[in-house]
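First the structure, which I've put down as structure tokens, then a few questions once you've had a look.
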Amino acid sequence: MADLLSTAALAGRIDTGDTAWMLVATALVLMMTPALGLFYAGLVRSKNTLNTFMMSIGALGVVTVAWVLVGYSIAFDGHGSIVGGLHNLFLRGLGPGALPGLTIPSLLFVVFEASFCIITAALISGAVVERMRFGPFLVFMTIWSIVVYAPLAHQVWGGGFLARHGVLDWAGGVPVEMASGFSAFAAAIVVGARKDYGRQALLPHNGVYALLGAGLLWFGWFGFNGGSALASGRGAALSFANTLFAPAATLVAWIVLDLLRARKATAIGAATAIIVGAVAITPAAGYVSPLGALGLGLLAAIPSYIFIVWRPRTRLDESLDVLAAHGLGGVTGILFVGLFAAKSWSGIGNGLLYGDASRLVWQAIAVAVTCVYAFGATFVLLRVIGLFTALRVSERDEGLGLDVSQHGEEAYTTGEGAILVRLSDGA
Amino acid sequence: MADLLSTAALAGRIDTGDTAWMLVATALVLMMTPALGLFYAGLVRSKNTLNTFMMSIGALGVVTVAWVLVGYSIAFDGHGSIVGGLHNLFLRGLGPGALPGLTIPSLLFVVFEASFCIITAALISGAVVERMRFGPFLVFMTIWSIVVYAPLAHQVWGGGFLARHGVLDWAGGVPVEMASGFSAFAAAIVVGARKDYGRQALLPHNGVYALLGAGLLWFGWFGFNGGSALASGRGAALSFANTLFAPAATLVAWIVLDLLRARKATAIGAATAIIVGAVAITPAAGYVSPLGALGLGLLAAIPSYIFIVWRPRTRLDESLDVLAAHGLGGVTGILFVGLFAAKSWSGIGNGLLYGDASRLVWQAIAVAVTCVYAFGATFVLLRVIGLFTALRVSERDEGLGLDVSQHGEEAYTTGEGAILVRLSDGA
Amino acid sequence: MADLLSTAALAGRIDTGDTAWMLVATALVLMMTPALGLFYAGLVRSKNTLNTFMMSIGALGVVTVAWVLVGYSIAFDGHGSIVGGLHNLFLRGLGPGALPGLTIPSLLFVVFEASFCIITAALISGAVVERMRFGPFLVFMTIWSIVVYAPLAHQVWGGGFLARHGVLDWAGGVPVEMASGFSAFAAAIVVGARKDYGRQALLPHNGVYALLGAGLLWFGWFGFNGGSALASGRGAALSFANTLFAPAATLVAWIVLDLLRARKATAIGAATAIIVGAVAITPAAGYVSPLGALGLGLLAAIPSYIFIVWRPRTRLDESLDVLAAHGLGGVTGILFVGLFAAKSWSGIGNGLLYGDASRLVWQAIAVAVTCVYAFGATFVLLRVIGLFTALRVSERDEGLGLDVSQHGEEAYTTGEGAILVRLSDGA
Amino acid sequence: MKLVVAIVRPERANDVLEALYRADVRGLSMSRVQGHGGETDRVETYRGTTVKMELAEKVRFEVAVSDHFVEPTIKAIQAGARTGDVGDGKIFVLDIDKVVRIRTGEEDTEAVTPVV
Amino acid sequence: MKLVVAIVRPERANDVLEALYRADVRGLSMSRVQGHGGETDRVETYRGTTVKMELAEKVRFEVAVSDHFVEPTIKAIQAGARTGDVGDGKIFVLDIDKVVRIRTGEEDTEAVTPVV
Amino acid sequence: MKLVVAIVRPERANDVLEALYRADVRGLSMSRVQGHGGETDRVETYRGTTVKMELAEKVRFEVAVSDHFVEPTIKAIQAGARTGDVGDGKIFVLDIDKVVRIRTGEEDTEAVTPVV
């Protein structure tokens, strides 16, 4: 989304068309979090299905509340070079009108931005599924959304240091994709590998959930990127179109890579390709041409593909490859903007190829800052939480599955052998 | 949605932005009915999966037709204090232009309202799953939509008695939530408990369907509440935002209650919490402040939670707890409006806390009227249908499962042991 | 959608409301392709689940790319009587402004039209599931989208021969429904029946996927038909409303037919009915009255129902009945427009009943041309591809299932018996 | 040592479990099977395909017991599983050569005596 | 009384059912199993994880028959299940001490004679 | 010829497979069962319904071996399946009258010797 502060405009006027689009875009992004839960749930073993899904559902609870009370203010109150301010704590100071430079109700802006923070926190769960305790993960997401997400969002969209130096990040290469990817990296290290990792085959229990989840995520991504124009119109259309073109190209590239490697175009691979392509176009969607998006999609397949094939041979159990898909995809996208941003399409700014060399430098700086900060902060945060409570379930509970141990439920029950316990006491 | 009749405006002018939002909002609400089918299907045993889903799908058929032919006219033709009129039977008299006070095509208004009626009828199926015959249930929904839903919709949105006394019901605490909840209560009594109820554990067969269903229902609810502004703009944004905040708060509260009770945050509980929070904010979404919505969400968890824990210890097999989730959630929301409605946010009216004490009284009257009418009318209607045909399947068919007995199908087949029957006769 | 060329208007002005609706409509149609994958995946045996789903996902990759590079230009560049031109290859010549006669960015029009082409190609997979090789099917879809879809789209929406003679096709009776149906017919013949067809019962392995898939398809269809107005407003509202009414009527009719035939209202039947009704209203949505839509829905059930019951007794293994649902449904809809198109509702044109007899003749000609061309071109195209590579998997692979043989994966794994292969080489 | 194998209706599985519990049989394994017997077939229809479903869902119990426990076990299963309609199922008693408890390596009778 | 246990290919299950039917065998139970034998393993890949799938889907039949019925039963199963490729499966014949029909309490041979 | 039936923990199934492989046992069938033994029950809650889950997931192996292979097979299963905690499972050895390899019609010992 464009830096709000750089757009001088009259406050208050609300456009019904812009508002209509932003309402829908917000709903679409909010739908992505359950879709992510479904996608992730399909990729784990059946005994951890509900737990995995619940990590995403949990984000809709705790991160929403954290955003309303604190996060929004940190990200969007004022123009501090590091973080925003505290005037909008509890959404104080937000009336029913529009923010300066926007034509949608300010509350809608709050919710649109909330939806980004929610799914970003949920994404990190991919690194720690099948072993991390549910309670500590909720605590982690709550704090992470305030201390990692909100400051990074401020950097690119709230008038922070990076934005002032012209870093372009259409819909979240910095706070969403790289932040979740490198936080996932840290989380996988702190929490440690699953006990069976590298010894047994830990396979996706339901490929349909993965494919449907990826399909719904793509659907939501049209709101994610298209909505980052913060208005209906040309910017929304360009970023929307690119959100179709880039993942389509990634999908084609991934199928080709799969065929080259093992003569089989895998379905889990296709689902992954959709995510990788959508991630890569996220920072670039409103800045590059449609053919540029096709090229970015093709290109983005390569690093993520290689990393995904290589990673399971290491000892890093970053279980659902958030780093490969979101971390690397985000880096590719942000750097691509530095090269191929085309003012003729966006009306906003050029990359190296169209004459602005400094942009690439600052895009690279944004990559470095984000990766280091997200990794470091997440590392420390999880270590600190780990001082107060165990991050992982016991070995026995891990064997039994987290659905039973964390939630007291099974995803798929037949009811046989389930004896009703009649309780005489009240609720 | 605001009482149409109180808004004096010029007819005919159609706003593209308002129409865009209402088109989408309608689509979202229509999507909720299959989502409900999925949610309910996950909560029953596998042998009743298709039947449960089909009760919702059936509503999309019969209730739509009933609404077009009769229901709409009963609800929205004219200002009778009890019901509307008969001038709009078969949608006669509705041209391509807008209704007075609205800026969207009248047909779109018809369809938006239809979508509410459809899902409300489908909701009641939760009370009678796993035992009620499919045919009688279709008949029941058809008549119910005309004799229960339409008059109640008229009461709050069509200029009926309650509306005239200032009852505020943003998106259906009266005709949707309380009506379905208390009708479910009656239906559970008339149809009776499942034969194994209280003797065997009747468990959800697929928790993923329940979570995904709840996620999609929440997604649709943004159209449900946000669309009840009947236009794009401030009202839509406020009600949309509150539809995120309230269920998020309910989710947090439910997790805490679950942890307090059994040290496990259940997934089915989380899915339920989303519904309860969304129900509670339904009547209030456009009338209360964002922090009010958070508070309402927290608050609403309590009565529904207690009831859901307590109900299975009784003999009332209201199987999927429609009364607890929708009935009680609706009551909480309607009364909350009487207390916390804030004209400063909605521009419409205040509750007791902001100085209008009579509002609370009339909100309470709306609760009483709705609960009594919905319960009574449903009770009588089902008894009458029961005079003509059996409401329940036989004990044997109940054991076999309703998928086979009512639909001649199984949800999950492997094909082994299925011998092809070659028929020589024509169709 | 209305013929673009007949609408003279000023280029360039973009309306935020129209754009908002078209953004959403496009997203909805794009979502239909994964929904179709889910629907189809539920209808096949579990060993072919991923392959079936992947045929739809694949379309999102290859057809998108083909459309951007070639297809769009063939369909929409200029007014040739047979095809468009080559000026828009690679989307050259499309700026950020609106096309003449439209109020939405031209790129959005490109993407909206792309979404139609994608799902149409994917539809054909229903004829060849459980036996066709994945690679050749991707190649087939790519070429088919250029040589069959694009010219037919040009015929009705790009100013082709049929359009010039006043053929009315709101949202794709010609290029989408009849084209996919009759292409499926040809594909089933060329590829041949499954080895177990007619000997074993080949049953849907998951009815929930079928129902949810149908529900999501219906949801998307509101964008499909409603978006074909290419603007927000009366046309969108009429076609949207009719997209609810017609399938609802088909659903009721189908349940009645099912009850008459075997006293069981089947769930797979209900899912099918939704598709059939939505198909039938597709060409007619913006041209007929709401009661007309109800009538069309009822009527359309009959031919498709009879055909679906009869077809499996023949040797034609058109496995998922694309011909019955889309082919026949499309014919019914197109002819219905010739009879019942009502200028009083659409502002566009009348059918026979309202005085324009020539319309029916030309609608019938459109039926003939489309069916013959789609069937013939697909037949030849598949035969040609078959010269270069086998279209079918081996008998052994068919027995094993295409998930394993084509994709090297299983849809549902438990992980037992899966031995980790540790590779020492790099990626 | 005998292995008692019983095929019963799924809806009676819980009753069988309970009856076995009352008869002091503690160890058992259970799985879902499909059975064909004298029951009438169901007809199902999927679009135009009509099929006769020859198999009915059943639950299979497998219980290893010492010889003198065979009769009580059979009685218990019958008590729990019987409805009197065709399709109630069958019980088979097989001879076991040897039983080993994996955890301890105990053999035969000790191996099936639960550690309570 | 014997218990005939057969492990066959899932795609032949219907043929086996039919062959048994023709051989007048009426009662049987069936379940899905996974088998390992001389078949070649499949390789599958899930993202970067490559696995060798050692187990193949099979169907397990369990048929209790009186002694003179054993041979026809075996013949029928062979006829229905044989393809000639590795992986066709095995038949095991076990001795049954006793059969009980739950519905009636009938024992042994009567218990497996269907009520037609 | 003997039929070795073993009920083990699902998480040990792969280890059992591997141990059997090392012990040169090639043919086997496996299925998922639910077992009840001395293990503690799990409590689960679904909305207001609290249930005691009496059954635990187990995997059932069925291995036909020639007599002198029985001991190595048992040893291998024990080695693969043992954790030392309650719930490790049981092994039952049954006598087989006859084995038939469906593909070739070979009987008994030859029938279980894999074609390598």
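Per-chain numbering from 1; labels A, B, C, D, E and F assigned in written order.
The criterion applied here is as follows: a residue touches a chain if its C-beta (ideal position, glycine included) is under 8 Å from a C-beta of that chain, and two chains touch if they have at least 3 such contacts.
Keep in mind the model is a prediction, meaning the values are calculated, not measured.
**Student:** Determine the shortest chain-contact distance, in steps, between chain D and chain F.
**Tutor:** Each step joins two touching chains, and the minimum needed here is 1.
**Student:** Would you mind naming the chains that touch chain B and likewise touch chain F?
**Tutor:** For chain B paired with chain F, the chains in contact with each are A, C, D, E, in label order.
**Student:** Give the chains in contact with both chain A and chain F, ordered by label.
**Tutor:** Common neighbours, chain A/chain F: B, C, D, E.
**Student:** So chain B and chain C: same face meeting same face, with over half the numbers shared, or different?
**Tutor:** Counting which numbers both chains contribute, under half are shared, so the two copies meet through different residues.
**Student:** Pick the pair with more C-beta contacts: B-D or A-E?
**Tutor:** Most contacts of the two pairs: B-D.
**Student:** Which integer distance in Å separates the CA centroid of chain A from that of chain B?
**Tutor:** Between these chains, centre-to-centre, one finds 32 Å.
**Student:** Where the centres are mean C-alpha positions, what is the separation of chain D from chain E, in Å?
**Tutor:** Taking the average C-alpha coordinate of chain D and of chain E, the gap between them is 17 Å.
**Student:** What whole-number Å value describes the gap between the mean CA coordinates of chain C and chain D?
**Tutor:** Each chain reduced to its C-alpha mean, chain C and chain D end up 50 Å apart.
**Student:** What are the residues of chain D that contact at least two other chains?
**Tutor:** Answer for chain D, listing residues that touch two or more other chains: 14, 17, 30-32, 34, 36, 43, 45-46, 49, 51, 54-55, 94-95.
**Student:** Could you check chain C for residues that touch two or more other chains and list them?
**Tutor:** 15-18, 20-21, 24, 200-204, 206, 232, 262, 264, 266, 268, 309-310, 313, 408-410, 414, 416-420, 423
**Student:** Based on which chains are in contact, what kind of graph results: line, ring, star, complete or other?
**Tutor:** Graph shape, chains as nodes and touching pairs as edges: complete.
**Student:** Touching chain C in the complex: which residues of chain A?
**Tutor:** Within the complex, chain A contacts chain C at residues 15-18, 20-21, 24, 28, 45-46, 198-208, 211-212, 214-216, 218-219, 222-223, 226, 231-234, 236-238, 240-241, 244-245, 247-249, 251-252, 255, 259, 262, 264-268, 270-271, 274, 290-291, 294, 305-306, 309-310, 313, 345.
**Student:** In their shared complex, at which residues does chain C touch chain F?
**Tutor:** So the residues of chain C in touch with chain F come to 414, 416-419.
**Student:** What part of chain D is in contact with chain F in the complex they form?
**Tutor:** 3, 17, 26-31, 62, 64, 94-103, 105, 111-112, 114-116
**Student:** Sort out for me which residues of chain F touch chain B in the complex.
**Tutor:** Where chain F meets chain B, its residues are 43, 45-49, 51.
**Student:** Touching residues of chain D toward chain B in the complex: what are they?
**Tutor:** Result: residues 9, 11, 14, 34, 36, 42-46, 49-55 of chain D touch chain B.
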